[in-house]
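Going in written order, the chains are labelled A, B, C and D, and every chain counts its residues from 1.
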Amino acid sequence: MSNNRIEAFSDGVIAIIITIMVLELKVPHGDTLAALLPEIPVFLSYLLSFIYVGIYWNNHHHLLHVCERVSGPILWANLHLLFWLSLFPLATAWMGEHHRAVAPSAAYGAVLLMAAIAWWILQQAIIASQGSESLLKAAVGRDWKGKLSPVLYVLGIAAAFWSAPLSQGLYLLVAALWFVPDRRIERALVTDPARAEPEA
Amino acid sequence: MSNNRIEAFSDGVIAIIITIMVLELKVPHGDTLAALLPEIPVFLSYLLSFIYVGIYWNNHHHLLHVCERVSGPILWANLHLLFWLSLFPLATAWMGEHHRAVAPSAAYGAVLLMAAIAWWILQQAIIASQGSESLLKAAVGRDWKGKLSPVLYVLGIAAAFWSAPLSQGLYLLVAALWFVPDRRIERALVTDPARAEPEA
Amino acid sequence: MSNNRIEAFSDGVIAIIITIMVLELKVPHGDTLAALLPEIPVFLSYLLSFIYVGIYWNNHHHLLHVCERVSGPILWANLHLLFWLSLFPLATAWMGEHHRAVAPSAAYGAVLLMAAIAWWILQQAIIASQGSESLLKAAVGRDWKGKLSPVLYVLGIAAAFWSAPLSQGLYLLVAALWFVPDRRIERALVTDPARAEPEA
Amino acid sequence: MSNNRIEAFSDGVIAIIITIMVLELKVPHGDTLAALLPEIPVFLSYLLSFIYVGIYWNNHHHLLHVCERVSGPILWANLHLLFWLSLFPLATAWMGEHHRAVAPSAAYGAVLLMAAIAWWILQQAIIASQGSESLLKAAVGRDWKGKLSPVLYVLGIAAAFWSAPLSQGLYLLVAALWFVPDRRIERALVTDPARAEPEA
């Protein structure tokens, strides 16, 4: 199986996830501007998740770009990632409806954490399939963003039990860290692939 | 990243948006033709939004066609546009359900306005990435439609506080202005790309 | 605009339509096999519409296959067709819920009729763009199926006021007529395109 | 019609099915972790169906890969398969909501069984179109997994009348059997296509 097909399927699933999230935004009850007020936290949750899915879509493309041969483990690691991404609409809606409560913010963080772990597993599956000369391994380098994110998600989950807004602030911080498209893979592709320098 | 992938992803999202809008049309209560009557304003809202999304889809294709290299800012400007387009189903359903009320018609206009601004930002991001010899800049020319539309949307939002139908009429007018596919980019591609003439 | 892109977009919309129809099938109330009984008419409506959308998808592919250049009118004729197809889920759900009532069966036929008219307009738009040597015109020939279908839909709409099952039987009949993939265009492409023989 | 287009359309439909299943997971009522408890069976149903659809997507790709020419029967056999796959979200939601009841577990098995039969029909349609030298026939070999699965589904349906968890365990067992990507077709393609060895 070429990477084209897994990319096209993943793109389709991600495009659907990012779009059906909006179905969780309910038509306001009533016809006044005031009827929009209770929708604001739901809207902000949607915005945050939209950014997260946008980040995953962008980086996913770069990840598959360096993966020429799709093995069985890569295939299932990718579906595993899509599984957790598919829970974003649900987690988003729950946090949006109860933005001051402990459980929804913790659950949102748990879905983010599982997606990050699934991402890491997918990365490892591709690196393993590429062997010791792995281009992706060189491109990823020390991967401080990939290592810091789960830590911040765990902190965010813990923080939810103390203050939901603090928890949400931590999730926003991780999104901000990843917002800038990840140049590591592009850079590794540009430099001599046989001797790509690991990121400092 | 090539423009193919951003185009395929955007097409997917736009195809989903245009289709899930129909989910806001509820199955009529009752089994008589009279049960269809209250659905008529919702249906007309759906029709207007369908035309708007069709226009965006068509022009989006032309826009990306002249954009060979997709940079980070273009990527996020495009996702920003998709974000506002994704709110069309919600705004459409609200206006359809309360077609004589102020807030839903104003909110619909606000979503149209934000999409138009997002469109302008995307255009500027592509022009900036192309430098002083930008083909898109030449193709867009004075861009009177791009400049007139936001003005009409603002008028439409203001008009909603006085008369919702007038407001809706203004949104319909903008759709009519854009209905004819935009030939400027096609024309610029046909003429010598190095010396494309700006539109009068 | 090449036909690839309009085909990909249409395919996306049709794939979504055929799939979201299933969202109108509600999870049965209760946990017994008897709870499935009231779902049977809804299920049969879904099956009929699934076949219709499958037929449209298949023939749409053949139609665009002979259309090398996509003009503005073709683009909008295609979106117009997609608009009516997008109403299939709604019409299906309404007829499924009230399968013995007049209005839902008549409305279902009206949506089928509008889609058939939209199909004819799209065909004419492509023929017009191809000029007097139109390959599609030769392929379509006398188009007895294209002409008979709207007549049967009108009969079906009229029959609904007398007997809903008769009306539904007529819609089923048209589906059966089209079920066999339309070979006319394939045949015209195989024979000398410059001198394609009209269908008898 | 080339296999590219039928593959792209099927991929689109499967991507939508796998994603809209999540819409059946409802936002929990309440804002405590305890509110998640009643969602656990629904979540596990979703997980099982996600794996099933993932398996179908993966094997479907291999199936179409050996099918160069798409005939009318193959086209409809494929749509028939997609029809039963499209019922997965509904069957999943019903079993998730009533995980200890007879009918939902039996109905879930019935949908799995019908999809397996549709798969077998599609396989036969492709083999028939390829004639006596069929590459697919050689690749499939004795097809013990394809023959065992329907037997296990029937056992699962019967078991539901005695114990729903046992029934669900059998469905899980079939998923586990298929979880490993099917290498038969890949193997047959690698060996001399003219003399592919049947699987032992």
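Keep in mind that, in the parts below, a contact is a pair of C-beta atoms (placed from the backbone, for glycine too) under 8 Å apart; a residue touches a chain by one contact, two chains touch by 3 or more.
Because the structure is a prediction, the values reported are computed rather than measured.
The minimum number of touch steps separating subunit B from subunit D is 2. Comparing the residue numbers each copy contributes, subunit B and subunit C share less than half of them at their mutual interface. Annotation: 27 Å between the Cα-based centres of subunit C and subunit D. With touch defined as above, residues shared between interfaces to two or more other chains in subunit C number as follows: 8, 12, 16, 20, 23. The complete set of chain-chain contacts reads A-B, A-D, B-C, C-D.
Interface residues of subunit D facing subunit C in the complex, by the touch rule stated above, are 1, 5, 8-9, 12-13, 16-17, 20, 23-24, 72, 75-76, 79, 82-83, 86-87, 89-90, 93-94, 97-98, 101-104, 106-107. Residues of subunit D that touch subunit A in their complex: 7-8, 11-12, 14-16, 18-20, 22-23, 25, 27-28, 31-33, 35-36, 47, 50, 54, 57-58, 61, 179-181.
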